[in-house]
């Protein structure tokens, strides 16, 4: 052990480095600039791969024009903005007063009325841009949701339709069990409402950005050729606005699109109902067994990716590398069909929640919508009737109480499988 | 093996007969210094709560509170007001208390203790407490999370400083003796048991340094910029975990090596050991209450379906307890280092050592 | 004692500095120009003019009709297609005897013709310019031969094109279930329905997709096809001979066409047309046909482009 002249047991090196680190570490953050919305780099790369690479200089121009356009249309994280949308009750979608509560830095006034709710509660995982790429994201499984596609999993509307206000409220209030998404039931209603408006704002913003990227590559509004002057011309403004209106209209219309749920049959969840559900589960029409597996442990098809990951072309390593090298996305993970024996359903476990999941599917995850009988079709139509779905719900709800759901039995069952 | 010198009240009586240092053995500086420590620890706890509830901007002005003088803000409004205002204003009041205590300490030290090292230490404490108060104020005025992090790093450093100073200010015969003759630099008390006493001191100093680095990392994780990259958080967390192993090993080795020390030191060592053992569990609990079960444990039958509740009482308490125990570990290991340094007779230089390590605040 | 503690300290400290100081860096992002933002926002927030001239339409009026046909030929040896990765519960059915079907990324016919190339009119034209031959099928349900079918756990049409006004029968001629995940773009509707073996469902896109998009099956992740939902009736996908044909095009006006292939995307910036280099821009080119003209092209693609 070396000693310096004063006989101290360790030399100045590490001690002083430590001392400097202690001072420097907090200091480094001092220059932190105001947070900004980030450009959808992943989708730009995706479109370059699909539609043809750009010259480096064109890339720069495209990004700058896109950035100017997006800031002009939607503002910044500190000052969100929405252009006047004719023919749309935009206040129902994103009320400026509510956006103001959710946006900006965290603070509160003397009466406790908060500001900056999104940064306080959401941004660390979902990212300041709502890209699901917040600083904690890499550790979380599943990854935090990327709002920018307008795709949400746990909702009452079919296909890729946006979620209704109530759908978002349900997820905010209940959280998503078994994931890092917490329940915000301790926040008051106005705060949750403000956050829902802000999430919708981020989603619509992201969808418009994606559309503009697509249009640029298709040449409809070529952002490589564009300049500040051409972008401020009425024609391009009208084009951009029509796109915002188109996206916003879908979010307004979705409130009427929630799938109506018929009342369950009289024998719902009786032994016969569960047995009927079981045969449907293993049968060819519902085809649940294909992905959720014979054990219902979610061990059927396990090599698929969800819609977000698919955009990174995970099966083509050289293309995937382009996304990861730029830090534009997190390492894609394969999606696991739900283990139905845990009694945990991320979108809720009420019968109506499960009915919605079965009827509409979970499009973003790859779970397809059930093959439903068309209206007025008789029993000769092999596809599913609403009562069949209810029996399936009954069977799925009975699975956790099945003898096999004790983990040890399930494992031994797996071993015995041919 | 540490305690070789007999120690009693009688020993502590200063030898001088001419009364030249009549007040040098006054216990008041040490007592006040202990008060500073006692007030600083809850201050850190409340400060942790402020961060946990993101209440740093609950009062938007500084040094006043919504136009009122800090001390004149109506207590009924404070008591009955929103929770974030309650803890933020409470944090400010406690901070002011620590400030006042530190000023008192400086005054008493200048009045009672002629040693330059003691006076220097008191002035240092005053400087640190002003710096910390200023950082807290700037954090509010500039609304900068980075300053909040700096504020969160200097807090524990001040605690460590206060602890080391308290040890330094406790009067003893050896101390006064060395001080009297130490002016010429000649009469330094010789090392009593050179080899055996060095090892625990070095371990203690390193443990303190590591604990402080660990606290900085923790503060960084808590105050991570809202637009920080995934890698920043990933590195910070993994590094916090790796350093936890190092701290765990050092702190337990230190506690073990002091198992036969005299009772005061042994008590410190025992509490260090207990806090060190509790801390990783708390850290894991923090992860679970904030981000859910890691490593796919949420798919485990027994704990499947647990839902995190944002801003819940237990979430806040777990996180704040982890922060507070971290500070406690720092305080205890600093105390052990200071006691060991003093007992091994390195004089003022050695006592100051932990401060240079931990606070970057050289004499 | 060794130098170990010192080394530990030094390592920890330098990593700490690196982490805290530098790890915040994200991929560089463009910065907004305040002046440009102000100008664009003023224009966005302005009330729209009373009458908006329709943009992107062709100014002249057509003088008749013309045909545009051609073939894509690959020059050189195209890459061999590896078999797709078949796994999961249906492997025995989908790859009988362990023989999985080959990928269809690049399909070249015996005569060197490049299949699965989409050639479509890119210009927006008014409905009255369309040739009357297309009127009958405008709102048709594509069924029978024209249906979108799957058999042997592969889509029988690898690149499928239809009009936005039409709808198509999505069939499953297998005995195992599929789900047809139509990940539409643009204004076309996204769906993902289970289609049990021997069953079918109807897909009505409702709007043009602008670009071709992926169709897949989540039960069998190796299944892949592309769909294109066109606004106009003028589109064609090359067959195994590499041939395409666009008949009854409006003549006398400049028309922009778009060429797309799975691996080449819209990357075509140059092509050899009838032996001469033609300047294409991202798979687009413009031509003006004369009434009654029958334009026929031979487009040569260098096999190296697929690597």
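As written, the chain order gives the labels A, B and C, with residue 1 at the start of each chain.
Here is the rule we use: a contact is a pair of C-beta atoms (placed from the backbone, for glycine too) under 8 Å apart; a residue touches a chain by one contact, two chains touch by 3 or more.
Because the structure is a prediction, the values reported are computed rather than measured.
Peer 1: Taking each chain's centre as the mean of its C-alpha atoms, which one lies nearest the mean of all protein C-alpha atoms here?
Peer 2: Closest to the centre of all protein C-alpha atoms: chain A.
Peer 1: Can you name the chain that lies farthest from chain B, using the mean of each chain's Cα atoms as its centre?
Peer 2: C
Peer 1: On a C-alpha centroid basis, what's the spacing between chain A and chain B, in Å?
Peer 2: Centre-to-centre distance between chain A and chain B: 42 Å.
Peer 1: When the C-alpha atoms of chain A and chain C are each averaged to a single point, how far apart are the two points in Å?
Peer 2: 25
Peer 1: Find the geometric centre of each of chain B and chain C from their Cα atoms only, then give the gap between the two centres in Å, rounded to an integer.
Peer 2: Taking the mean C-alpha position of each chain, the two centres sit 63 Å apart.
Peer 1: Give me the residue numbers in chain C that touch at least two other chains, ranges are fine.
Peer 2: 1, 5, 9, 13, 16, 20, 24, 26
Peer 1: Please list all residues of chain B that touch 2 or more other chains.
Peer 2: 202, 209, 213, 216, 220, 225, 227-229, 231-232
Peer 1: Out of chain A, which residues touch more than one other chain, so two or more?
Peer 2: 1, 10, 18, 20-21, 25, 28-29, 32, 36, 327
Peer 1: Under the definition above, what is the set of chain C residues touching chain A in their complex?
Peer 2: 1-3, 5-6, 9-10, 13-14, 16-17, 20-21, 24, 26-27, 29-33, 35-49, 52, 55-56, 87-90, 122, 175-177, 179-181, 183, 185-187, 189-197, 199, 201, 210-211, 214, 216, 218-221, 265-269, 282-284
Peer 1: Which chain B residues qualify as touching chain A in the complex?
Peer 2: 54-60, 66, 81-85, 143-147, 149-150, 153-154, 157, 198, 201-202, 205, 209, 212-213, 216, 219-220, 223-234, 237, 290-292, 294, 296, 298-299, 301, 304-312, 346, 349-350, 353, 356-360, 362
Peer 1: What residues of chain A sit close enough to touch chain C in their complex?
Peer 2: Going by the criterion above, the answer is residues 1, 10-11, 13-14, 17-18, 20-21, 24-25, 28-29, 32, 36, 38-39, 41, 49-53, 60, 63-64, 66-73, 81, 83-84, 86, 159-160, 214-215, 217-220, 228-229, 231-241, 246, 284-287, 289-291, 300-301, 303-305, 307, 310, 326-328, 361, 363, 366-371, 382-383.
Peer 1: What does chain A use to touch chain B in their complex?
Peer 2: 1, 6-10, 15-16, 18-23, 25-30, 32, 35-36, 105-112, 116, 119-121, 123-124, 127-128, 133-141, 174-187, 327, 330, 339, 342-344, 405-407
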